[in-house]
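In the two complexes below, chain A is the common chain; its partner is chain B in one and chain C in the other.
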Partner chain A sequence: MNITLVILGTVTVVSGATALSLRNIVRSVLLLVVSWFGIAALFLWAGAEFAAFAQALVYGGAVSMVVLFAVLLTRRNHLDATVPPPPPGRLLGALIAGGAVAGIIAATVIRTPFELANDEAPSLPVRRLGTLLMGPQLAALLVAGVLLTAALLGAVVIAAGRKDDKEGAP
Partner chain B sequence: MRADAPEIDSWLERLPLIARDLLAGRLPEPWRWLAQSLVAIAVLLAAFGLLFALLTLAERKVLGRIQNRPGPNRVGWGGILQPFADGIKMLTKEDIVPRSADRLLHFLAPVALVSLSLLSLAVIPYGRRLLPLDLDSGVLYFFAASASSELAVFMAGWAGRNKYSLLAAMRALAQLISYELPLLLSVVPVVMIAGTLRPSEIVEAQSGWTIGILPHWHVLTPWGFAGFAIFMVAALAESNRSPFDLPEAESELIAGHLTEYSGFKYALFFMAEYFAMCALSGMAVTLFLGGWQAPFAALQFVPSYAWFAIKLLVLLLGFIWIRATLPRLRIDQLMRLAWKFLVPLALINLLTAAFWHLSAGWAMGAQPLRWGLALALVAVPFVLIGRGLSAGLGPRTYRYAAQ
Partner chain C sequence: MSTLQMCLVLSGLIFGIGLTAALARSSAVLVLLGIELMLNAANLNFIAFWRFGPAPETGTGVLFVLFAIAVAAAEAAVGLALVIALYRHQKSIRLQEATRLKG
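For the complex of A and B:
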């Protein structure tokens, strides 16, 4: 077992789990950012320089901002960022949904045949990565992009759906 | 640090490396690498720490001159020791933490801000042989490191449990989300044309001169000029400098996220702001102004790091000049400038760069056409979008002030 991997993995998992269990939502987000940086560090450890920096840029720099912005905009009292514990029904739903996603991911990981890497981590220059992404992997890239756009549109629909809310339309 | 063999290689050029090897060369092999890295880090910290001190002085002096007053002139010869007096003052001040503050985040925010802004200094090529860290995706690293700094501003604003601070945090977030996009989009053409994300290779791509006096810097091409302008505007916004200093707006938000900070933590915020300014200017020099390349072929005897320093200082003085000249934007103006003006222009600039790249093989006679088309691609959208945005905003009438 590699000691760096253990440390990075522990930091990532522990900060992620703590983020889920905290009641103070701003602290949760900041811990989540730590977890994302942990993932970036894991990429770096694995020799995937580009993926690591992209992870840090997109998650640490952009997604965290959007999440924090959403949190601040939806609080009624801005300085009080605590959330009550969820009701049991919601907890159960979250467990089922989360468990399903985790199951799918785990099944995919287990069933996918991985070529065992040699001791030497393969170094892939950014240039080749770009040609690969824009050439043979273009379809996968487009599918991922379309999926994310659909998710974004869904989020907008969900967020804009409730017109008869109190406090009037913005 | 790279060790290729350039044609110009005087002892002045190699001086920093010689000095480093004197310090680290005697150590056995496994330690030498570590010592060399530590020397590079120490030099970076010392150089930019000193630059920070002198920049605060230069800023106050230049602002003073522009506003027709002398500026600080009491400590030392003509005020040259003022930053050090300020440093001692900051260090000896009481560190106040509000009782209801989030103590951990209140402490972490300045630390995170300074360390994140220092990280981005590592990948900038300061000279032909002065490159602390040569990463294959260095440009990406730079923006990953600097993008997270606004997170620290948010932490500072939120941890103070103060309305003004929180407003500043919200403004900082909105500003970052808006200006991150044009900043990155203005860099993409450079990466497209140079075909690499490695800063040292981007500098190499700008080497050479036409008839010895016209450097092949990116800023001297239509797309490069537009990209440079967009980059600098977005960099001003990213480093929270005037006229985009809405998060700290002294006159309306009593310095925003800095409200609940005192003593050395307060100084750390300023240090981080100047480091970020230096890093973004350094990246602008690398991407658009030819990095450490000399402007004329005949001036190559001047060491490359001196050229880098000159260009960096010119850009930093430009930042100060802008601060003295432009009033602060309103938040809606800030948003409109980013989303309706800079982002479309940056996207069009991608097209311009693509055209420039594809038309590189045009014959000598078609070059004026190539330049004309590229210039039109830059100028026409600029004028049209600018006109469209300012339509209906007639000349200002002063209803209450005397004419």
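For the complex of A and C:
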């Protein structure tokens, strides 16, 4: 048993489950940030420092702020950021589906024998990672850059809308 | 249960939470957050297999996670722009009310 893994995993799972069951979306996002930082801490525990910092910066910093902006721009009135709870039938179906997927994954993983190659956490220096990114993975890096640029430009175009859009017109 | 199996079970749990939220909640923002949580669970799997796999010096798991994070960030930006466009059209982000395909 690994105590660090158990603690980090419990924090991540509990905060994530609580966040996605709250009625107030702002509280959901803020609690989900805890869950994302928990996953970043798990990356750090596994020895992937660069991925951990990328996770913390992108999710804890950028995505959470974008989601908060979207929540504040789309609420019904100024004081109300709550959503009604799901109807019981849909909630039950979703719980059964999610529980079945998690249960099947857990049962399969526990029954499968894995051969572990490393006992100690491997280290991948940032220098080595940079060499990999700029060498063998250069094409993928460029494609990712083009994809990000295109996606962000598209997001701006979609969110800005047309000028001749009438207020409230479908 | 080995440490790798604990990591994989944990990521399965996180995936289940995200799937449940994406299926149950009716607010488009919460559905998007559930999908983000599922992506994070997949990233955790990559890191776990890299950590306990045979050749960590090649850094395949970390590189895959970096690209997945970049794509997830783009997906979040486009998804939230769609949420804002949906709100502009129907003054609500409830997915049940988004029945009209025609803009």
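List of remarks:
Criterion: the second predicted complex is superposed on the first by the 106 of 170 C-alpha atoms of A that agree within 3 Å, B and C clash if a C-alpha of one lies under 4 Å from a C-alpha of the other, contacts with A are read in each partner's own complex, and residues count from 1 in each chain.
Quick note on the criterion: a residue touches a chain if its C-beta (ideal position, glycine included) is under 8 Å from a C-beta of that chain, and two chains touch if they have at least 3 such contacts.
Since the structure is predicted, the reported quantities are computational estimates derived from the model, not experimental observations.
When the two complexes are overlaid on their common chain A, residue A:Ala62 makes contact with chain B and with chain C alike.
Shared-chain residue A:Val11: touches no atom of chain B or chain C. In the superposition on chain A, A:Leu72 contacts chain B only, with no contact to chain C. When both complexes are overlaid on chain A, the residue A:Val34 reaches neither chain B nor chain C.
Of the two partner chains, chain B is the only one touched by A:Phe53; chain C is not. In the superposed pair of complexes, A:Ile110 makes contact with chain C only, with no contact to chain B. By the touch criterion defined above, A:Val26 lies against chain B but remains apart from chain C after alignment on the C-alpha atoms of chain A. Within the superposed three-chain model, A:Arg127 lies in touch with chain B and out of touch with chain C [touch as defined at top]. When chain B and chain C are set side by side, the one touching more residues of chain A is C.
Common to the chain B-facing and chain C-facing surfaces of chain A are residues 50, 54, 62, 66, 69. The touching residues of chain A, counted against chain B in their complex, run 26-27, 30, 33, 40, 49-50, 53-54, 56-57, 60-62, 64-66, 68-69, 72, 78-79, 81, 125-127.
Across the interface of their complex, chain A is touched by residues 1-10, 12-21, 23-27, 29-30, 32-34, 36-37, 40, 43-44, 47-48, 50-59, 61-63, 65-67, 69-78, 80-85, 87-94, 100, 102-103 of chain C. Residues of chain A that touch chain C in their complex: 1-2, 5-6, 9, 12-13, 16-17, 19-21, 25, 28-29, 32, 35-36, 39, 42-43, 46-48, 50-51, 54-55, 58-59, 62-63, 66-67, 69-71, 73-74, 76, 83-84, 86, 90-91, 93-95, 97-99, 101-103, 105-106, 109-110, 112, 114, 116-118, 121-122, 124, 128-129, 132-133, 137, 140, 144, 147-148, 151-152, 154-156, 158-159, 161, 165, 168, 170.
Looking at the complex, you find that chain B touches chain A at residues 102, 105, 135-137, 140-141, 143-145, 147-148, 150-151, 154-155, 158, 161, 163, 166, 169-170, 173-174, 176-177, 180, 195-198.
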